[in-house]
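Note that chain A is present in both complexes that follow, paired respectively with chain B and with chain C.
Right after this comes the complex of A and B.
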């Protein structure tokens, strides 16, 4: 009996050891090319050009130079070309003497040209089908004319681009209004959702001023830094337009759970800085005379973090005035952005169609769903109501300096 | 003493639930059947009613033949030749399930876990432990279920809780708007038709301890299975959406890949994979045991163990056929037009026919049942008298806590004496 139990315990230990090791394949980590960021483009010849950031493991059996990297650097940037994505990411041109490993991939970039002209449908098929890829990496459209510029950007304290963006996206997702970070699963899920179009994050490597300049190096070449502003509006798997940072705010207010994003509200010629959190808006849809009506009721909670104005945010009378100003400000922003998307892009990224699908009769939705984006969403009458509440005035009452002298 | 294995009702319930859960744990066929949309969780709930209805003939029969093993029951109803013939059909079914589960195990391992590992290595990895467990007997399988199954249930529950933050309620909306009632019924029927675990109840209930209820085992297993199945389906839909989930070969594994911490805890899906591998091996050992048990009883061979090895070898060979190494073959098992109909024939049609024959021949069969029941009652009484403690000399082990029964049921069913 004891012998049998011992056998069972031994077998379980073997199973645990076999499955809980870091790697599940026979390849040693030192023989792996661990890609953590990939940029997808298409060349003029119509083949894929994929630029990969590969982790450079120190202590491997070859130098960085041998793999194309620089000695001492923490990652290597290599470019591959091929007719399909799966071939290209596996380096069928045999440029790297390692086996590609994709489970640590953090971010996928697409050139704006590829996303607009060809779309990313075929690439998405690879992402969900091939075992080297999975659904976790974030998706970005690169605004730069030369998309590979993002690999040259200064990352501040981070060592690798893929990890830099992964950490930013993970930690800032619910605290920024000007963009949102879309991972592959979210994109695919929205792609499959009836009555909703996906969005994609946007990144740009912009030239920066002295922020990271080395003291004493006057002729140092200009550095670039990554800027995450705005959003890409998709229609199916094709990019149809880009939203500015102000326009992206409408999307984040209506679709994301914001738990403390800082923004400013213009009050005359001054501004008031607030920390904002939202709750998902109530969206009511109706259908009258062949037209769709959509009512959006958005509630916001504001905490004052800076007050340039003369209003006293500890007084209910002043709070009410500021709340009305905030309501008008957000309402106008939301209305103008939705109107632009209806007019120019005809793509329901806010998921109004999904609400219509849920709230209206099944047959009605079935009869109009094919034309939802181009006709019914594009021509919908949309009214927006914003109800802001200033719930905290910060650690002080009236404006700093009032009655001081 | 300790001649024949004895299992308690909870062990039997866990065996049934654990084996049944391996389908949803692996490829969640409910997502692709019936309406195949966000209402899959409603289809799943309705399927429980169908499962009970489809299992009713076997359950009724087994309640009549409590002291008969499966082959003896068939022989009592249909006569020697008819009983053996039907038992051979079930042998084929159990072997088919054994082979199919092996195929599923190797395919998923190669698709999701060990893409570069050759098929034969993966096959050996699951066959050897399954063979060992099956030769160890029903008691070992039951005891194994008591610590594998709770771990599987724990992973289901924990992954559900950990994934809550990533779930989106709109993924299950609109509810019941896009599905026709007949689609729901059809989906529920085909989902229920995949539930062949009633056979486990029928085969292993002969080893139930005295006083332990067959019906309690069944309904407890159904409760555990139903709740776990519901958690798997609803979590997967809420996180992945039905559209994406039904695209995947193993939606719950893909679900588990999405949850967990970002930095400290990564690749938590390993716990899911581990539960899946252990559950699969348990299921394989159950079906291997059943197939070999049927053969042993049909042939009157000296040992059930003997058949485990050739059947495993045959399953290995079948799985090594080029046709079986294609993922399209796996898709055949997912379709409603093949596997559920086979299970339906085995788990509903044949037992229904057996029940009809039993009702027709009730008068002639009843004395056989009574005779057996009397023999078992006599054996129990004899045993009770034998273990009656003498005054002031109580035995150290009264046998109540032992996993092995002290009473050989009469005539000895099930495992061979070598399993003592």
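Right after this comes the complex of A and C.
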């Protein structure tokens, strides 16, 4: 009786082991080469060139020195080449003795040339198809002439480029107005969404004068630093244009949830600094005589953080004046940016088409969706209404120094 | 084999001899070879008398004062009722006489009759706190090896006529007294009958401990649960009797069996009922956490580390790689090695005398953990995982064998199949638990509306109004919170 049941249990285990399609990719962690940042380029001969930042581990068994100590580099930069992405991966197998591990990848860079000319579709296909590569890494277009310069930049407190970007993007997502951090999942989602075009984050290694030398470090001070400003406008999987810092604000105000981003509003000659929070705008669409009309109703909450002007933010009258100034400021910014995108890039990154699709008849959308970006979005009449509210004037009321003794 | 006891056990019904001298001879034939048996024939004013007892098992003062001295008095008139100063019973067959002697009674032959008197006194351990069941709050006393003391301890807890002690003698050589204990108005009759039947069928040489009984009573020797609980404390046993269980005490051991035992009860302690509700629930939560940790930690660790590195936080992955960079073994073999070494250490520490045991633990912990890590044999994370499992397993010592077996099963499955293997293991474990029955009661049967009040959680004591209905079949109500009109009594 016991033997019979034991047999049944053993048989069940063997059947489970044999038939269930588990992950057979057993891998000891010590044999892994962890890539945390990859730069994708295409050479003039049409060959993919992938530059990877691999975590360098010194191989000590001292559990205390987990960070690897001060001396020595914490990451290795390696370059691999191949006619396709997967053949480039094959190239890694003969150049690195460890197995490449992509699941902890933090960031994917594309050269501007690659993004503009070939698009990133083939590379994305590889990411989505591969079982190890996942959807968390952020996507960036590198503005530099020589994209590998980003690996040379000063990273502030971080040790590795991948981690640096991961931390900045993770923590600053909702407090930055001038850019937005797009991860692979967001990109893929927007790419597949009807009536919307994706955007991509932009990074540039810019020369800096403030090259501080860290005490105790032997290395030469780095001459460049990373700047995250603006956005890349995509059309499909190809880059069609870059937005400046000010233009990117329009995108973040209309598409992101901002909580307490610092910005300033010009008031005459002077400025008033505010912390800004938004709520997703109400977008109303209509269709008349072959033209699309789009009404944007944006609500903003402002909290005064600095007041250079003579207005007294404790007074209702002054608050109303300031609110009006803010409304006009943001309305103008938004209108001019949208107009520029309509005129130059013809790519609906704001997802107006999605709202149109939802609000209008399905047949109508079906009939115009092919031409949405190039014709209907580009020629749409867009009206913007901004409703700002100053909800908090900070810890004090009048401008500092006013009514002093 | 001892011929005398053999003779005792297999003697045919024999009549008692008709004179003192012949009775003495009769006894000597059977017990004479053992020098601890005292046979003393003496004269009284009327007829000869013989007294027989086993040296070391009786109180000699009592024998002298209350039996021999009155018989030797000049004014002894032959009336034993007046003479013996202690209660006695008449033994009518020779077998009974022998049993009585071996039990530790003093036996007196006078005028063709045999009188057996209980004057037992032998060396015994005092009442102490049983190791392993210590409590901060609650009674500290534990059972002893003496069944009389044990019964009295229970009697003191439950002063009711419903408390029944049934005596069953088992063992051809040992004639061990087994006491079946239950509360007549609450006990589950089915279980009681089953247990009684089984006990009576046991035919063996000796019962030296309740562990023998446990193994005779259990249905599946290779199951990880016998469905039989164990305690050394009278308050715990009393509590279980009140929940409709049957207790089995055995002379010569402080361990008392309680039947049936459900799965969730193995992690309960008496202190959880004595302390306040929140404290009790914290303890229960920790115990369940400890159970899960002790079984799953090494298995899940190896599954994630070798199959699903993407689940690890980046920083931890880096630390892990750094720590295991120079080690020769794979993660799975490291964990196997350390888990086995820990079990070895635990066993060594338990069997050693206390002072050496402590040093074994220190040396073992230092040598195995620290030095093995520094020498580059194992990585630090493996030591941590096994340590977590080990510490957790010490918090649920009742489930020791269950914990060990499943820890290794999960370790094995995790190392060949990853998280998928862990899921398979959980299915196997749950299937086994669900299909296990203790004397007809499923051991996982704790999940009805009333019983859940005392399972993973414990409701305030006054709200647990009913006994567990999976065990108790009648007389369910334990307490009453509201009167007939629905008003709260308290």
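One rule holds in what follows: the second predicted complex is superposed on the first by the 352 of 405 C-alpha atoms of A that agree within 3 Å, B and C clash if a C-alpha of one lies under 4 Å from a C-alpha of the other, contacts with A are read in each partner's own complex, and residues count from 1 in each chain.
Operating definition for what follows: contacts are C-beta pairs under 8 Å (C-beta built on N, C-alpha and C of every residue); 3 or more make two chains touch, one makes a residue touch a chain.
Here the structure is a predicted model, which means the values were calculated and not measured.
Undergrad: If you stack the two complexes on chain A, which partner ends up touching A:188: first (chain B), second (chain C), both, or neither?
TA: first
Undergrad: Under the stated touch criterion, which partner chain does A:377 make contact with: chain B (first), chain C (second), both, or neither?
TA: neither
Undergrad: If you stack the two complexes on chain A, which partner ends up touching A:134: first (chain B), second (chain C), both, or neither?
TA: Both chain B and chain C are touched by A:134.
Undergrad: A:101 contacts which: chain B (first), chain C (second), both, neither?
TA: A:101: touches chain C, not chain B.
Undergrad: Would you sort A:4 into first (chain B), second (chain C), both or neither based on which partner it touches?
TA: Once the two structures are laid over each other on A, A:4 reaches chain B alone.
Undergrad: So, A:110: does it touch chain B (first), chain C (second), both, or neither?
TA: After superposition on chain A, A:110 lies in contact with neither partner.
Undergrad: A:40 contacts which: chain B (first), chain C (second), both, neither?
TA: The answer is neither, since A:40 touches no partner chain.
Undergrad: For A:55, decide between first (touching chain B), second (touching chain C), both and neither.
TA: Touch partner of A:55: chain C, not chain B.
Undergrad: On chain A, what residues does chain B touch that chain C touches as well?
TA: 16, 20, 25-27, 103, 134, 166
Undergrad: Over in the complex, which chain A residues touch chain C? Could you list them?
TA: Touching chain C: residues 2, 9, 13, 16-17, 20, 22-23, 25-30, 32, 34, 36, 55, 57-61, 63, 65-66, 68, 101, 103-104, 106, 132, 134, 163, 166 of chain A.
Undergrad: What does chain A use to touch chain B in their complex?
TA: Chain A residues touching chain B: 4, 7-8, 11-12, 15-16, 18-20, 24-27, 103, 128, 131, 134-136, 166, 170, 185, 188-189, 192-193, 351, 354, 357-358, 362.
Undergrad: Mind listing the chain B positions that touch chain A in their complex?
TA: 111-117, 125, 129, 132, 136, 140, 144, 168, 170-171, 173-174, 177-178, 240-241, 243-244, 247-248, 254, 257-258, 262, 267, 270, 273-274, 277-278
Undergrad: Under the stated contact criterion, what part of chain C meets chain A in this complex?
TA: 220, 222, 305-310, 314, 317-327, 330-331, 373-374, 376, 379-380, 416-418, 420-421, 424, 428
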